[in-house]
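Letters A, B and C name the chains as they come in the text, with residue numbers starting at 1 for each one.
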């Protein structure tokens, strides 16, 4: 069987901006609590974040949400610039970060157009009450290194191990496999799965919404969009990163327009 | 009194000898001169035929004018850059330039020829109308409405005219003393022409001061104008034609390539003058050595620019940039691409670091031939490819990115070959005819160096001492 | 115009060796003060290592700040030495002779300053050696595709080459000091000068090595700053950085700031060491001033091209960036200051011969250039990162913290400290080079004029 190529489909139409995915990620991946100071210093660590944009003039203001996480690009700009191979592409389509190798040049963070790489400016600290909450499967990162979304690689690996042990195949949409953010999403806006498996939900959605199996390269940046059924797009396609995350456009029923960031 | 000061001996004998021999050589007709001229004229007529054949298809489709534009750019990068060989060392007060400075300046008259041939491609040059990107920031943006849609045409023509004008003024000024010499001592029709051209030059010290001053200013102006013209040409004829090609370095690379090819042109001209023109006593190792060093340095410089552009595009991996690299380096262009790299960088580098070749008379000119061919190929690669991209008005082409399907490549037709032949021979023809009016070796600069050169005993050897006036 | 004071060889020796044989009064306090700054800076550094990079002003998205600005700045200054020494040596410009040593030494110390700046910058300085291909037990080679691997190798090569260059040019002068000192000092200098006796063969070798090194160091010189520029230019994700022109633009900017720094250093040398003004003449400042006009104007042309092509397509992210860079306070103020100090004040000043030949004015104008060039790097790095992506949600800004400022001061103190130490133990004015120039110099009388001349063209 071919190696899996993990990926995600994010439906902006379903996103309510509730931030549950952010919290789920935070607790799953041992991310230190972002306090007010972190935000005023512009140093919060959020492997997934909800970007909120206001559209229109008061009183007709609409909030637009777009969850942004590491896109696990096939041609990731962060990979070639790392001098110590702390970030590289593995055979499962994941862009992995090796914490032990990282020396903290922050070159990758500059290379990433999605701004999803985070630097540990401080030594991570938790209140005493949360000390026992830490996930034993996830490394606690020290100060001075980069970290970012892993698609919850620990969950993927655990599921893989168990399925090998039980001689079963990995089920699509298995809650044991899904990253924490997908499990936490109340509206199923986030769907996780294997793009190499044509039967998986993500593959079908991608096929339906993006129109073709390969990485999309639309050249219609000029604003004249085709108003057809297909809502799929990649974030910042003009950088040629070929992400593993497919976004689906927001459908605005009031103005009958399709929103695209 | 400073013990180091030496008084120059009377050098009058030597000076009049230089006058007489060079003058005599200038007025004599070589055996092959008119035969070569007629051969070139035949080729030039072929070129005209090719041009007429092209005219049949008109100016509506810019694709077929790609080779013509490439030839225009080729002459711009070789012949019109050659005068820099006179200007730069003159500003740096290097003495080795003296025998070849005039030859370099005569090339500027070819600019006139190129200017005339520039007129047809003005019709092919797209205007700013269809929201075309341009250096002039026309985007129907607020504040830029007053920019005329024909800005590229206007500015390029004006700049090219001034470049040619400055070049010819430079040539005329530097030739003044020599023309006066022909007026006084020459014979025949050349004397009559010289009489008209030399005005009232009698060589007073006031006139000499005026001349030195003007030569310096015009030289600097020529350099500035040349760089400016290359900027305009490379932007209006290359960058804006290809969507997604945003290469801030290309104008500089274009100009650097011109300097390199200009030096190569001079090297070749100099070799021909020595070998076939009978100026063996005047053109020597110093010139090959000086020009060789320049050619070497400029080849390295060209490579550095070329690589800087390429590296940033290749590493950045933006789709619109990769498509530009694709356009310029695939299909038949790949062979040219590699050829240019070899001829313009690898050969000059690895041959010129080899002292026996650098010191020989045949080595550097051979490399110069390579550089000229390389430049020629490079012009074709860039201009033909850029001209083959459908216009911005074409609905298939977006503003920022090339279509992903590969674009057709245009192999030269017979008319293109004729035009190429005619263009080059026409330029050489103009150059050779000009040498009949103006001495191809600078007589007064040659005479001047006699004053600055002194041989002196230094310990056990005799050394040459050269004065450098401030 | 080149009015040289005719000195005999003994006078040259006396002037150039006086800082070594007798210590000036101000020397020790100056050394102590700069050393104090170094200690303060290092203390700040260790404070930062202990607490993490949180004590700086860096944030997301401005991940690179003062340290990288400073790194680029010192790399830029280091281009002075080779520009003056190698290029002017190869083109045989006679006026270079008295300032070659100063320029080379400035190169070496500024390179050292540049090379230890990345230590401050990275998150885990104790692991920085991982960028070198040394550790086979780790089983991971450095990633050769990363400009941060090209950087240490290029800068390292440059440091080795320019140190060699300084040593080769020092040999004859060290031998002179050996002969003029006694006891242990003489012995040490004797070891350092590697048995220099001044035989014709040694002179020949020394000349050949000098020329070879200048020629070989030139490609390194170009590669170093090109690679530093590619640290930025290869990143397609940052609008303000991804420009093909960066390599030559950085180089010419480096030459601009480096040659200015040499001019500043020259003026200081003429002021603080007595007798130096007999060797370093206003002539030399004049020549440097003229060179600087050309360099600065070329640099300005590249700046213009960079901005013109950035705005070429009128894309919205690019316009947002340039709006911040040019028009939003405080960057607008810095931008105007940068334009004034790096071009519009100094270059018109240098147009006047009186300015070029005046010590205080040259000092001020060249210091201004370096203020401007420091700001240039800041304005390239920080605004570009602040407006990095098209996502307006992630735009940011940056204010340096006191820790960063102290550490940056440390590098300046380090360079001055290094130069002071060097001046105590080695001559800053190349004795042999000047004497060689004197032997080659001649004058030719033509009619009523005397024209300076030299052996060899």
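By definition in this document, a residue touches a chain if its C-beta (ideal position, glycine included) is under 8 Å from a C-beta of that chain, and two chains touch if they have at least 3 such contacts.
Here the structure is a predicted model, which means the values were calculated and not measured.
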Using the definition of touching given at the top, classify the network of chains in this structure as line, ring, star, complete or other.
complete
So which one's got more C-beta contacts, A-C or A-B?
A-C
Approximately how many whole Å separate the CA-defined centres of subunit B and subunit C?
35
For subunit A and subunit C, let me know how many angstrom lie between their CA-based centres, rounded off.
44
How many angstrom lie between the centres of subunit A and subunit B, each centre taken as the mean Cα position?
56
Shared interface positions of subunit A, touching two or more other chains
77, 80, 239-240
Residues touching two or more other chains, restricted to subunit B: which are they?
315, 317-318, 399-400
Which subunit C residues sit where two or more other chains touch them?
234-236
Could you list, by residue number, the parts of subunit B that touch subunit A in their complex?
315, 317-320, 322, 398-401, 403-404
Using the touch definition from the top, list the residues of subunit A that touch subunit C in their complex.
41-43, 51-53, 68, 77, 80-85, 101-107, 109-115, 118-123, 142-146, 236, 239-240, 261
Contacts from subunit A onto subunit B in the complex sit at residues 75, 77, 80, 217, 219-222, 237-241
Subunit C partner, complex, touching residues on subunit B are 2, 4-8, 92, 94-96, 133, 135, 137, 139, 141, 246-252, 286, 300, 304-305, 308-309, 311-313, 315-318, 321, 399-400, 451-452, 454, 456, 458, 463-470
Residues of subunit C touching subunit A in the complex
51-54, 58-61, 63-64, 118, 121-124, 127-128, 130-131, 140-143, 145-149, 231, 234-238, 385, 388-394, 396
